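Structure provided below as C-alpha cells; questions to follow.
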Amino acid sequence: MINGEKLVENPIRWAMVGGGRESQIGYIHRSAAQRDNNFHLVAGAFDVDPKKGKDFGVKLHVAAERCYPDYKTMLVEEAKREEGIQAVSIATPNGTHYEICKAVLNAGLHVVCEKPLCFTTKQAEELANLAKMKNRVVGITYGYAGYQVIEQARQMIANGDLGEIRIINMQFAHGFHSEAVETENPSTKWRVDPNIVGPSYVLADLGTHPFFLSEVLLPKLKIKKLLCTRQSFVKSRAPLEDNAYTLMEYDNGAIGTVWSCAVNAGSMHEQKIRVIGSKASIEWWDEHPNQLRYEIQGKPVQILERGMDYLYQEALVDDRISGGHPEGLFEAWSNLYTRFAMAMGACDRGETLNDIWFPGIEAGVEGVRWVENCVRSADNGAEWVEYQ
Amino acid sequence: MINGEKLVENPIRWAMVGGGRESQIGYIHRSAAQRDNNFHLVAGAFDVDPKKGKDFGVKLHVAAERCYPDYKTMLVEEAKREEGIQAVSIATPNGTHYEICKAVLNAGLHVVCEKPLCFTTKQAEELANLAKMKNRVVGITYGYAGYQVIEQARQMIANGDLGEIRIINMQFAHGFHSEAVETENPSTKWRVDPNIVGPSYVLADLGTHPFFLSEVLLPKLKIKKLLCTRQSFVKSRAPLEDNAYTLMEYDNGAIGTVWSCAVNAGSMHEQKIRVIGSKASIEWWDEHPNQLRYEIQGKPVQILERGMDYLYQEALVDDRISGGHPEGLFEAWSNLYTRFAMAMGACDRGETLNDIWFPGIEAGVEGVRWVENCVRSADNGAEWVEYQ
Amino acid sequence: MINGEKLVENPIRWAMVGGGRESQIGYIHRSAAQRDNNFHLVAGAFDVDPKKGKDFGVKLHVAAERCYPDYKTMLVEEAKREEGIQAVSIATPNGTHYEICKAVLNAGLHVVCEKPLCFTTKQAEELANLAKMKNRVVGITYGYAGYQVIEQARQMIANGDLGEIRIINMQFAHGFHSEAVETENPSTKWRVDPNIVGPSYVLADLGTHPFFLSEVLLPKLKIKKLLCTRQSFVKSRAPLEDNAYTLMEYDNGAIGTVWSCAVNAGSMHEQKIRVIGSKASIEWWDEHPNQLRYEIQGKPVQILERGMDYLYQEALVDDRISGGHPEGLFEAWSNLYTRFAMAMGACDRGETLNDIWFPGIEAGVEGVRWVENCVRSADNGAEWVEYQ
Amino acid sequence: MINGEKLVENPIRWAMVGGGRESQIGYIHRSAAQRDNNFHLVAGAFDVDPKKGKDFGVKLHVAAERCYPDYKTMLVEEAKREEGIQAVSIATPNGTHYEICKAVLNAGLHVVCEKPLCFTTKQAEELANLAKMKNRVVGITYGYAGYQVIEQARQMIANGDLGEIRIINMQFAHGFHSEAVETENPSTKWRVDPNIVGPSYVLADLGTHPFFLSEVLLPKLKIKKLLCTRQSFVKSRAPLEDNAYTLMEYDNGAIGTVWSCAVNAGSMHEQKIRVIGSKASIEWWDEHPNQLRYEIQGKPVQILERGMDYLYQEALVDDRISGGHPEGLFEAWSNLYTRFAMAMGACDRGETLNDIWFPGIEAGVEGVRWVENCVRSADNGAEWVEYQ
C-alpha cells in the first residue's frame, strides 16, 4: 500500500512542455507526477503563447525565470544550470510530439510523452533508437493502464484463470463529438485537423488506449493481420475519421476487435475491454474502474473489487486506501508516474528494474504502428492487411 | 392494455410439429399461442419418436387420435376432419423447416415457423411465393421483437428522436457452448451438425435475432455490402462457426456490426442492440427487457421503463400489467402470437391488417439472406461482399 | 422444468369475483390460473356493475348465463349445476374480501383470495377456522413468492449458507402516489379510503409483500416486538398512511425493518429484501427478478441467475425456459396458481401434499396480524408493542 | 476547474498528529492537503511510538528534527520557530481528539480534526467556544462531502427541483467486521474498545458520515425527536454496537432514517443517501461517486454525471478533469482541504469567506450531538427522545 513514503530518494527535477492553463490534460500530469514527491516541477514551457505560459507557470509555484517561452529555450537554459531539469513531460498537441521528444532526448533528459508518440512507425522507431542510444527513459501516458484491477486482470490471464484466450473486445466510444463542436472548442479543433494530428483522429486518440490495455494483459499476443473501416459522420472531418472498427487476427488464432468512436451520442467514455477465454471472461469498464467482472462459464458472475485480499498480490501494491473507497484516474496516473520515476532513478544509477512494467517507448512505438496499420487498411478499401 | 378479452373471435385450431417433452422451445410456443385463447392446441406430431410424441401430446390435453406419428400423417388426417387444424407451428431442428413448411402451406394451412426458415435464399423465396400463392400467413418466431420497449425504440427512431441514424451495434453472445457440450447435450448436438443446421451455427442461431430487431427498428435501411469473419474455437465444430463478427455498410452511409457468439464464457445472453443517431442513442439488453436506455448527447442518460405514460402510445398497447412489474419473454412471444392470430383471422376473412406488424415470411427470407451473405463473405477470406 | 404437461388431471372449474375489465390485477389471475390448463374459467361476477361484468365475461369466453350479477347469485346458481365451479378467486377491493371469502368457503369451494385477507386478526382466524372446518384450500396471492430465486434464497438460508441470520431489511417503496392521484384514478381512490381498505394503506398494500417473503425465507423466525411510524405526506390521506417504517425484534435476537411507501418519488417498485447472516448476505429486487445477489464476506459479490445448474434443485423445478431468458411476474403467479391447483386436487382426493408450499390461509392471517400490530404501534405514538 | 494554480498564496506550514505508517487514514490527509500546494508538511508526531513516527516522518521528507515524539513536544518546539507550523491535522484514534484539538487551539493553530470530534456535546461545545475565542479555523474530515455531485444535490434541493422534502434515507453499512476481526487487526481493535471510542462504534464511525451529508443537503432541517435501536451481533463488542437503526422526525414533518452497520456481510461500503421530495428524488452512492440518480415522478430516471454542463455551476468548480473520467475519494478530500486552506488564509488575513462551505467546528459538534442522542435513545429501551 502506498502511504506517501519516498520511493525515490530525491524528487526528480521536472519540467512540462504544454499542459497550459485551459489544457485538458496538463493538470493530471502535474498532479500525478508530484503526488508523493516523486517529481518536482521546476521549469516549463507551458503554453504556445509564452506570456500566458509564464503567467501560468508562476501560479504553479515555478520560478519566473524558469518559465520559458518555448521548449527550445528551456532545453538550452536548463542545460546551463547545475541543478537543471532531469525529465520533461510533453503535453502538447500531437503534431509536435516527435520533434519535442527528439529534442528532449538529445538534451539527455528523460521524457514522459503523451500519446501518440508521433505519426509513423519510422519516426517512432527513430525515437526508440535515440532513447536507447541516449540511455534515457521514455514513459507514455496510457494512463488507464495504471489501475490496480488491470494488474489483477493481467495476473489472472498469466495464471491461466481464463483458460486459453480466444477473443478480445475493446472499445473507447464517447459521444462528445457527435456534432461539429470543433468550431467552438479549441481542444477539439486541432484533434480533427490532419495537419496537427496526422493520419487519424479516433484510432489514435481513443483506440490506442484499450489497445495498450490489451498489450498489458496479453503481452505475448501478436497481430497477424487486421482490417479497419473508418467513417467521418461529421462530414467536415474527412479525411479524418470519427468512428472506426478494427478487426484483428492474432498469430495464435485469437480474434480482437476495437471500436473507436467520438460520435457515440450520449455516452460518456464507454472504454471497455473484455477478454474471453475458454474457461472464463473478464470485463473492465473505465468509468467504474475499481471493479472487474469475472465470469466463469457455468458459475455466477463475480464482481471483483479493488483493494480486497482475494486479489493477486500484484494488484494490491499500488492501493492508497482500503477497498470500497473509490480510487480514480488520478491514482492510476500516479501509479504510472511513480514507475516512471523509479525507472528514471534506476537508469541514472545504471540499474535496471525488473519488477515493474510501465508504458514505455515500445508502447509508444506499438501504438503508432497499430494506427498506421489501421489507416493503411481503411484507406485501402477496408481490406485485410498483413500487420507490419 | 391486454386483459384477456378475446382479440380473435374463435381460438384458431392449432397443431405443432416438434416441440416435444424435452425440447427447449416447445413450451413457449404453446404458452404464447394459448395465452388469451388465441389458439387452441388440438393436434400435433410433437416428437421425432412417435411414441414419445403421442404420450406427450395426451399430457397436453390433445386427443390421443390427434397425436400423430409424423407431420405428413397429420396433414393428411387433419384434412379429412370437418374441424381440422387451421394453423401449424414448426419447432423442429433447422434442417426440417423447409420441407415441413412447404408441406403445411401446400396443405392450405397457416404456419408459424422457427428460425431459420431454411438454408438458402432460393428456398426461402420459394416458400414466400408459395405462401403468397396459397394466401396463407407465415409467422417467424423472432420472439424478442415482441417486447414493448422495442416498439418504443421503433417509434422513437421513426419520430426522429435520435436524429439521423449512424451506427447500429448488435450482439447475441452467450457462453454456454464454450466447451464441446454437444457431446452430452442433444439440443446442442444438432446445432453444430452441418447436416442439420446447414451452412452456419451462431450466425443463424443467434445473430439473426438482433439482426431482425434492426429490421424492426430501421425498416428502411438496406445493406449495401458486408464482411464476416467466423471462427470455430471449439475445433470439432469446424466448418461451423461458434463465433462471428459481421460488419455492414448500409446504403445511406450508416454502419452496422453484429457479434454472434456461443463461446462468450460466463455470459448469459448478452443480446444487445444499440442504435446511435446524430442526436441520441438507445440501447436495449434482452436480459432486462423492460428497460430502454435513452442517451441524448449532452443530457443525463435516461432509463425508460415499460408501461409508463411517457412512452409512445404504440409501446403501451401490449402491456398486460402496470409498469414496474417485470414482463418477460413469455409476454413478448404472446404479443407476437396474438398478432399471428389476428393476421390469420383477417386473412381468412379476406382482410388485410395495416396497423400491426410481425415477423412474417419476409423476415424469414431476410434472415436467411443475411446468413447466406455472411457465410459467403466468411468463406471468401472474410472479404467484403455486395449484399445480394 | 415446466413444459405444459398436465400437473392436475382435469382443469379445476373456476370462477372469479372482481377482476373486471379495467381492474389492475384481474388479468394476471386469469393468465396465471389458466396457464397450463390447471384451472378453467367457467363462471364469474367480474364487476361491481353487473352489466359490465357480463359483457366482459362473455369476451373471456365464459358462457353468458354463467356471468353473474354478483357473487351471491353465482354461489347459489353454481351450486345447482352438476358441473358447478370448484374454486373461486377473489380480486375485489379489500373491504369485501372477508365476506366474500366466508361465503365461498361456506359454499364448500376452494378459494384464492387477494391480500389483505381481511382487516382484523380476529376475522382472519375466523376464516382460517372455517377453511379448516370445511376442509377447503385457501391460497393468497402474494405473487412475488413464486419466483424461483426466492426458492433459491430459501434453500440457501435453510442450508446455512449465510450463517446465523442477523438482519432482514425489506422495502416496497414506489412513487406512483406522490401526488393525490386518487382524485383521478379509480384504482387508487379506494386504496386511500378507510371505509374500503380498513386501518392501513401502504402497510397492507405494499409492506405485506416483502413481509411475506421474509416468512418464506425464514419460516422459523418469530417477531417479539415491533415499532411502526407512519405518515400521510399527501395530507388528504390521513388517517391512512402513504409511508411507514417498521422495526422488528425477532425472538432469536435478529432485527428486521420494513419500509412501505407510495410516495418514493420517481421509483418504480423498489421492492427489495436483503437477508444478512454472519457469513453472507443475499439481496433480491423484484424489478429484476431473475437475479439474486449473493455476497459472502471477504469474497467477490456473486450474481446468481435463474435457471442455472449451480442453484439448488428446488429452485429449478419451476423453470419454464432456460437461464438467460427473463421470466417475469406472470410466471411467478403461475407457479403459485399451479401449487394452488395441486393442493386443491390433493384436498379433494383426501391427500396432503408435503413437498410444496404456497401462501395459504396462515399467510393471510399473518399478513393481517402484522398490519394490525404495526397500526397499533403507530397509533400509540410509534412505540414498541409486544407482537400479538 | 482546478488546474493546480495557486488558490492560497503560500502553502500553509502544516503538521500531523497520528496518521502513521500503517494507519488507515493518514495518507489521504497528506495527499489531500499537499495536492496543489495548499499545505506543506513540515512537522509531525505521526505515531504513538516516537521512534516509528520519526522514521516515518523522515521518509515523508519531513526534517528529522521536526519529527516529534508526541504532539505536546511538537506544539512547544514549533512555537519557538520563526517559521513554525500554522495548522495541525489530527488523525489519531477517537479518544485522543478532544485533548489534542484543545491543545492545538490553545497553541493558536488551525486544526483539521478527524471525526468524531470528541464524545460529548459538552466537550464539543467547549472546543467550539475555544476555536471562536482563539479565532482559529477547525475543519472536520467528513470527506465524502467533498464530491461534486453532492454539491449538485445541494443545489437541486435548494432550487426546489425535488419539491418539498419528505424523506431522507441514509446508510453506511459495510460488512468488514462481520466477524470479530478485531482480535487480529489493530485498526479495528480500538474501534470496538469503549475506552478509546467512547459511547458508540458504528453510529460514530459510520452513521455520522451520511448524517453530515444530510446536513449539507438540507441545512435548514432540524431534528425534533429520534429513536435508535442498536445491536452487538458480535457479542464481545457489547456494549458497543455493530449495527444500529435511527429514525428521525424533523420539525417540518419530514422523516429520516440512518442505518449504521459494520456487519452487512459481503458489502463494501454501501454508503447511500436518498432524498425524496414531493416531485422527485435523488440518490447517491459513495462507491460510484461520480453519478447521481435523479428520479422525477412520472419521468424516466436520469443518471447525472460529474463534470457535465447540465449540472449547476456550483457543482463544476471543483472538477479536475472532464466528465467521464472517474474522480475518487482523494479528489473529494482535496476539495475539502482546499477550502480549509482558503478559510485559514482568510482567517489569518482577518477576512471571512462567504462563498464556500466546509465541515467546520459546527459539523463536529452536530455529529457528536447526533451520536449522543442516538445512544441516549438506544440505552433507554430504544424509545423516542427529544433531540437535544
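We call the chains A, B, C and D, going by the order they appear; numbering starts again at 1 in every chain.
Criterion: a contact is a pair of C-beta atoms (placed from the backbone, for glycine too) under 8 Å apart; a residue touches a chain by one contact, two chains touch by 3 or more.
Chain by chain, the UniProt names read as follows: A, B, C, D = Gfo/Idh/MocA family oxidoreductase.
Every value quoted in this text rests on a predicted model; they were computed, and no experiment measured them.
Student: Using the stated contact rule, I'd like to know whether A-B or B-D comes out ahead in C-beta pair count.
Tutor: Pair with more contacting C-beta pairs, A-B versus B-D: A-B.
Student: If every chain is reduced to the average of its C-alpha atoms, which one ends up farthest from chain B?
Tutor: D
Student: At what distance in angstrom does the C-alpha mean of chain B lie from that of chain A?
Tutor: Here chain A and chain B have centroids separated by 44 Å.
Student: Between chain B and chain D, what's the gap in Å when you average each chain's C-alpha atoms?
Tutor: Result: the chain centres lie 56 Å from each other.
Student: Could you check chain C for residues that touch two or more other chains and list them?
Tutor: Expected reply: 294, 299, 301, 305.
Student: Would you tell me which residues of chain D are touching chain A in their complex?
Tutor: Chain D residues touching chain A: 2-6, 21-24, 26-28, 30-31, 35-37, 56, 59-61, 174, 268-269, 286-290, 305, 320-331.
Student: Can you name the residues of chain A that touch chain B in the complex?
Tutor: Answer in residue numbers: 162-163, 166-167, 169, 175-176, 178-179, 227, 229, 231, 233, 243, 245, 247, 249, 253, 255, 257, 259, 261, 263-267, 276-281, 294-297, 299, 301, 381-384.
Student: Note which residues of chain C are touching chain A in the complex, please.
Tutor: Against chain A, the touching part of chain C is residues 294, 298-305, 308-310.
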